[in-house]
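Each structure below is given as structure tokens.
Both complexes below contain chain A, partnered by chain B and then by chain C.
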Partner chain A sequence: MQQSTAVSYDYTVARWFTYTTIAFGIIGMLVGVIIALQLAFPALNGIAGEYSSFGRLRPLHTNGIIYGFTLSGIWASWYYISQRVLKVSLNEYPFLKLISKLHFAVYFVIMLLAVVTLWMGISTSKEYIQLEWPIDILVVVAWVLWGISIFGAIGVRREKTIYISLWYFIATFLAIAMLYIFNNLAVPTAFVSEGVGAWYHSVSLYAGTNDALVQWWFGHNAVAFIFTSGIIALIYYFLPKESGQPVFSYKLSLYSFWSLMFVYLWAGGHHLIYSTVPDWMQTFGSVFSVVLILPSWGTAINMLLTMKGQWQQIAENPIIKLMILASTFYMFSTLEGPIQAIKSVNALAHFTDWIVGHVHDGVLGWVAFMIMAALYHMAPRLFKREIYSKKLVDIQFWIQTVGIVLYFTSMWIAGITQGLMWRATDQFGNLAYSFIDTVNALHPYYAIRGLGGLLYLIGFFIFSYNMYKTMTVGKELTEEPANKTPMSA
Partner chain B sequence: METIREIQGYAYFGMTVVFVIALYGYIVYLYKGKKRGMDYEKYSNLALHDDLNDQILEARNDEEKDSSK
Partner chain C sequence: MFHWLEKNPFFFTVVLFVVIAFAGLVEILPNFAESSRPIVGKKPYTMLELAGRNVYIKDNCMSCHSQLIRPFKSETDRYGSYSLSGEYAYDRPFLWSSKRTGPDLHRVGNYRSTDWHENHMKDPQAIVAGSIMPKYPWHFTNSADIATAFDEAVTVMKVFGVPYNKEGNPTVPATFSEAKAEMIAEAKEIAKDMKDPGVKAALENGDIKEIVALIAYLNSLK
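For the complex of A and B:
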């Protein structure tokens, strides 16, 4: 296209979100390691009074990783990818630029409030939506601003066709908007109790089984539309771009998209197998979870085949290595999840550490590897400098990979041991073990998990250092690299 | 109770048939796209040629179409 060459893409907000991705990554993962060690060594619960108790710190870990680290990574990528594939620069549209800055500002305020309130123990006590209603309203504002940014950019695009990554971003936007509002519907108690209780306190609109259903309809789809569709959006852009290879099958990407959209929304019921929800809903959740293998593998295989004939790039380029491992962990995790959702397997796995292991091989292996690869790819384009050290990327890769393996293998063994001990009976039908027996048996695995998490955190510190050095002292670039990200040895 | 089970059985069968037809139909639709002049595979280039000065793959409006010639 021969348009004005004076205009260039505007990466201001992409840079800001890059900083928050790193900051919340450090906070979220550090808290994660602390609480993992607390489970192995309970005395650590009391090191800072109530502020170091597991109950206070776990919401900080989950919210920090989901809404701090992951959403920041998704939004840094959104403000980078969207301009490029639509061929629209925010420099041309001051209104959209203003919206993007407001989006970041509101988001940052929310995250600060989240850290403070959760640490103080102000919580709705609903998993992954612990924030109280005044902050929820701010979240809606941030989300609407992102929506304006999405549909505004699409409205002024130059390219007629919207690239597949953007479809996945749109899915993240629409699904979370719907789910977040429904699951957060609550009554602020001060409004109906004539001032009794704190003004920010609220009670969910749902109770009992209904609450459980709405909660897991949300809970599982938070995984679906933040950890999955938001990250698929990244890999569909960054892997082809970094490798210089076109997507193996664009048709398969479309097919996987629509089938993922259709199937995922029904799978949440698998969190409630053998609970008080209707049996057909449990079966539904289970069946749809198994069907989910197909669209998930459709995407993952599409990514692996994109590298067809180009596998030498894995040895040459550690960013490709990060993305291929991410894609492989996506396959692995989306096979493990459906297996756990089968009723008979779930009878053993439910409430055990195997579930924790599953979440973490997905998040550490797929989500965080992909976000770090995205940041590495973007950094030379955002800061006009080479990646500071290729060697550090390699070192980080291996330390974190060993960390993940220690994490999920220990949790597999812990989970299955736990499940078997809970259901074991003697010849009279009495339970063979008490709860404390399981705790004693699991101790070594909890310690190994803590070590795995610690290795991953060390790798993340190496990543953060490499990014910081890239931004400050990386070799300056005169022009934007086309595909392979330039790195100093 | 029996009636509900019967309805569930028919619904299960019916839905399976509908989904199989819909999903395979979509695959056929995508693969027949080329005959309609619709080459989906070219859209991979949206990521590969994404510089502001790169050629527009399919311009959205007439003005851009003219300028991209």
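For the complex of A and C:
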């Protein structure tokens, strides 16, 4: 048995990724609020000409949150958790330390290039994978560096058994590698033609329906393996650690993991229901989406029951509160998704704001809450200071929770209204509404959604302020706290 | 077995990869050849239309407009006959979109005209009261990237065998200067129905503005 105190861990890169989590969180959410308000108040599209139109800004929002905020949060946690559960310090292995720094550097360059090119409108058009091929190659480099970091650390580990969080990190690594490469396969036009045009332009290897199939096999599972498995990796470490409670059931985590891995990849077809892909694929997508409730709820229940007998901690410790609300939203979101994947429901919900609502209760409620909880838990260990203010964590929690509720309720109403109005007919069977009627009906809900998003952003500013204060003026700690994160009132 | 896997990360990773990759193999591979065949009479995009399609992508029109008419009466009544797989055979990438903040555009060429688009892109609210679509004044001043469109047409012809230069199909000449002449000729046909003096003057000087290419593309959606 190794004594954990014998190893001194190196958190340089974990700190760097902590900074980028906060920075990209602010940018991504700010752009999100702007584009939400643009839908309610279209004049906002014109504030900076072509660089402030909804179409140009939306990829900055989605990529900023998925690859900026979320991946940074996952990697900050990875460089923290991996050393601890493997009982290996980066200080002992200068090569791995160098790799981790390179990983960060390449990632940061990619994000800068991504912001510039997407803003200019350089895009492959595919959702969440808009970057053109030269940047894609850099993404592969960053991913390989992460791979070396994962398997390098595992190769030299002192703890023989691989902890659950690492299963999920490995899953994120493998699945995204496979999906990203296959969905990105494209032919750069400059290599085939004379190259009179843009050198970075490319054409997708797949056409039409095939392209759609590959895209949503990717699109759905990018969500799965960043927003789901990446975040489950975090909660399996931070909830037991913060609460001092053992994970409720090993068997439940085992079942949930392997069934999630098997089932998730089938579900991408639910994005293509009633499209031109073959019917059997749509049915598979639909059925497997419903089956997905089991592994998702398995994990969530495992997390909630970890708190068994210790529920008073929710009142005492706002970090526990953040994590419990996160797993509750995970249950909620993974029930809502399968409902939307049922064919007859999908006929109504597809193309509407209900889908937007679903994504956001998952990301705001589950992903971002969990990442902020992880950062709060890590901060005193990374910076050797207490959390600056417990009260601010509490205030932030409630403002953001109200924000999420406004967001998804308004989007439910908007989506279902929209879906019903599109199909409504008069007594003679003619369409009852012109398209613009259905747009005008949504205005109040778009305004409420903008307000919900704004509240969430305000909460995130409070979080960022609290983190900044913690890093700079939080009370210094002489020794590392064991479980519960120390906070000043 | 699972206990053993957790102590042997190499095999853990291998087993995990098989479990993950399985669905893709079963679901995606079998259908590839079948659904990429064009429907009879489907013509590839002209080079100008491709340039317009790239404007559509650049300004991310698909973040609000779908190009997929589902087989429901409410959709076929509104947008025209439902979409078929073979209609997308030359769409690289596909542009179905996942959100319909504005109406579907898969057959917009059937019921909107050049001058409608011109006025609408300048000021959507003036044409459709209550519209929340942004104005696109820069489409009237930015030049369309016809060089990249030429490269793209050559690429899909050479690599994917898109039947350009076949009977009745659009042409892709051997050099860019010939291609440019063809695109300008096609653009002039469109500009006949347009009013903007700046766009017309530019076209006389051999400069095709984004709006002309975009309208060529939108008109081709039928």
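Everything that follows uses one rule, which is that the second predicted complex is superposed on the first by the 482 of 489 C-alpha atoms of A that agree within 3 Å, B and C clash if a C-alpha of one lies under 4 Å from a C-alpha of the other, contacts with A are read in each partner's own complex, and residues count from 1 in each chain.
FYI, a contact is a pair of C-beta atoms (placed from the backbone, for glycine too) under 8 Å apart; a residue touches a chain by one contact, two chains touch by 3 or more.
Just so we're clear, the structure is a prediction, and the values are computed from it rather than from any experiment.
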{"item": "Clash or fit, chain B versus chain C on superposed chain A", "value": "fit"}
{"item": "Touching partner for A:20 - first (chain B), second (chain C), both, neither", "value": "neither"}
{"item": "Partner chain in contact with A:327 - chain B first, chain C second, else both or neither", "value": "neither"}
{"item": "Touched partner set for A:161, first chain B, second chain C, both or neither", "value": "both"}
{"item": "Chain B versus chain C, judged by how many residues of chain A each one touches", "value": "C"}
{"item": "First, second, both or neither for A:254, with chain B first and chain C second", "value": "both"}
{"item": "First (chain B), second (chain C), both or neither touched by A:70", "value": "neither"}
{"item": "Partner chain(s) touched by A:89 [first = chain B, second = chain C, both, neither]", "value": "first"}
{"item": "Chain B versus chain C as contact partner of A:124, first or second or both or neither", "value": "second"}
{"item": "First, second, both or neither for A:302, with chain B first and chain C second", "value": "neither"}
{"item": "Per-pair minimum CA distance [chain C against chain B, superposed on A] in Å", "value": "7"}
{"item": "Set intersection of chain A contacts, chain C complex versus chain B complex", "value": "160-161, 254, 258"}
{"item": "Of chain C, residues touching chain A in the complex", "value": "2, 6-7, 9, 12-13, 16-17, 19-24, 27-28, 31-32, 34-36, 57-64, 66, 68, 70-72, 74-75, 77-78, 83-85, 87-103, 125, 128-138, 142, 145-152, 154-156, 158-160, 175-176"}
{"item": "Touching residues (chain side chain B, partner chain A) in the complex", "value": "8, 23, 26-27, 30-31, 33, 40-48, 50-60, 64, 67-68"}
{"item": "Residues of chain A that touch chain B when the two form their complex", "value": "1-3, 5, 7-9, 84-85, 87, 89, 157-161, 163-165, 236-237, 240-241, 244, 246-247, 249-251, 254-255, 258-259, 280, 480"}
{"item": "Residue numbers on chain A that touch chain C, as the complex places them", "value": "38-40, 42, 45-46, 49-50, 53-56, 58-59, 121-127, 151, 154, 160-162, 167, 170-171, 174-175, 178, 182, 187, 189-190, 192-198, 201, 203-204, 206-215, 217, 254, 258, 261-262, 265-266, 268-269, 271, 274-278, 281, 284, 347, 350-353, 355-356, 422-425, 430-431, 435-436, 439-440"}
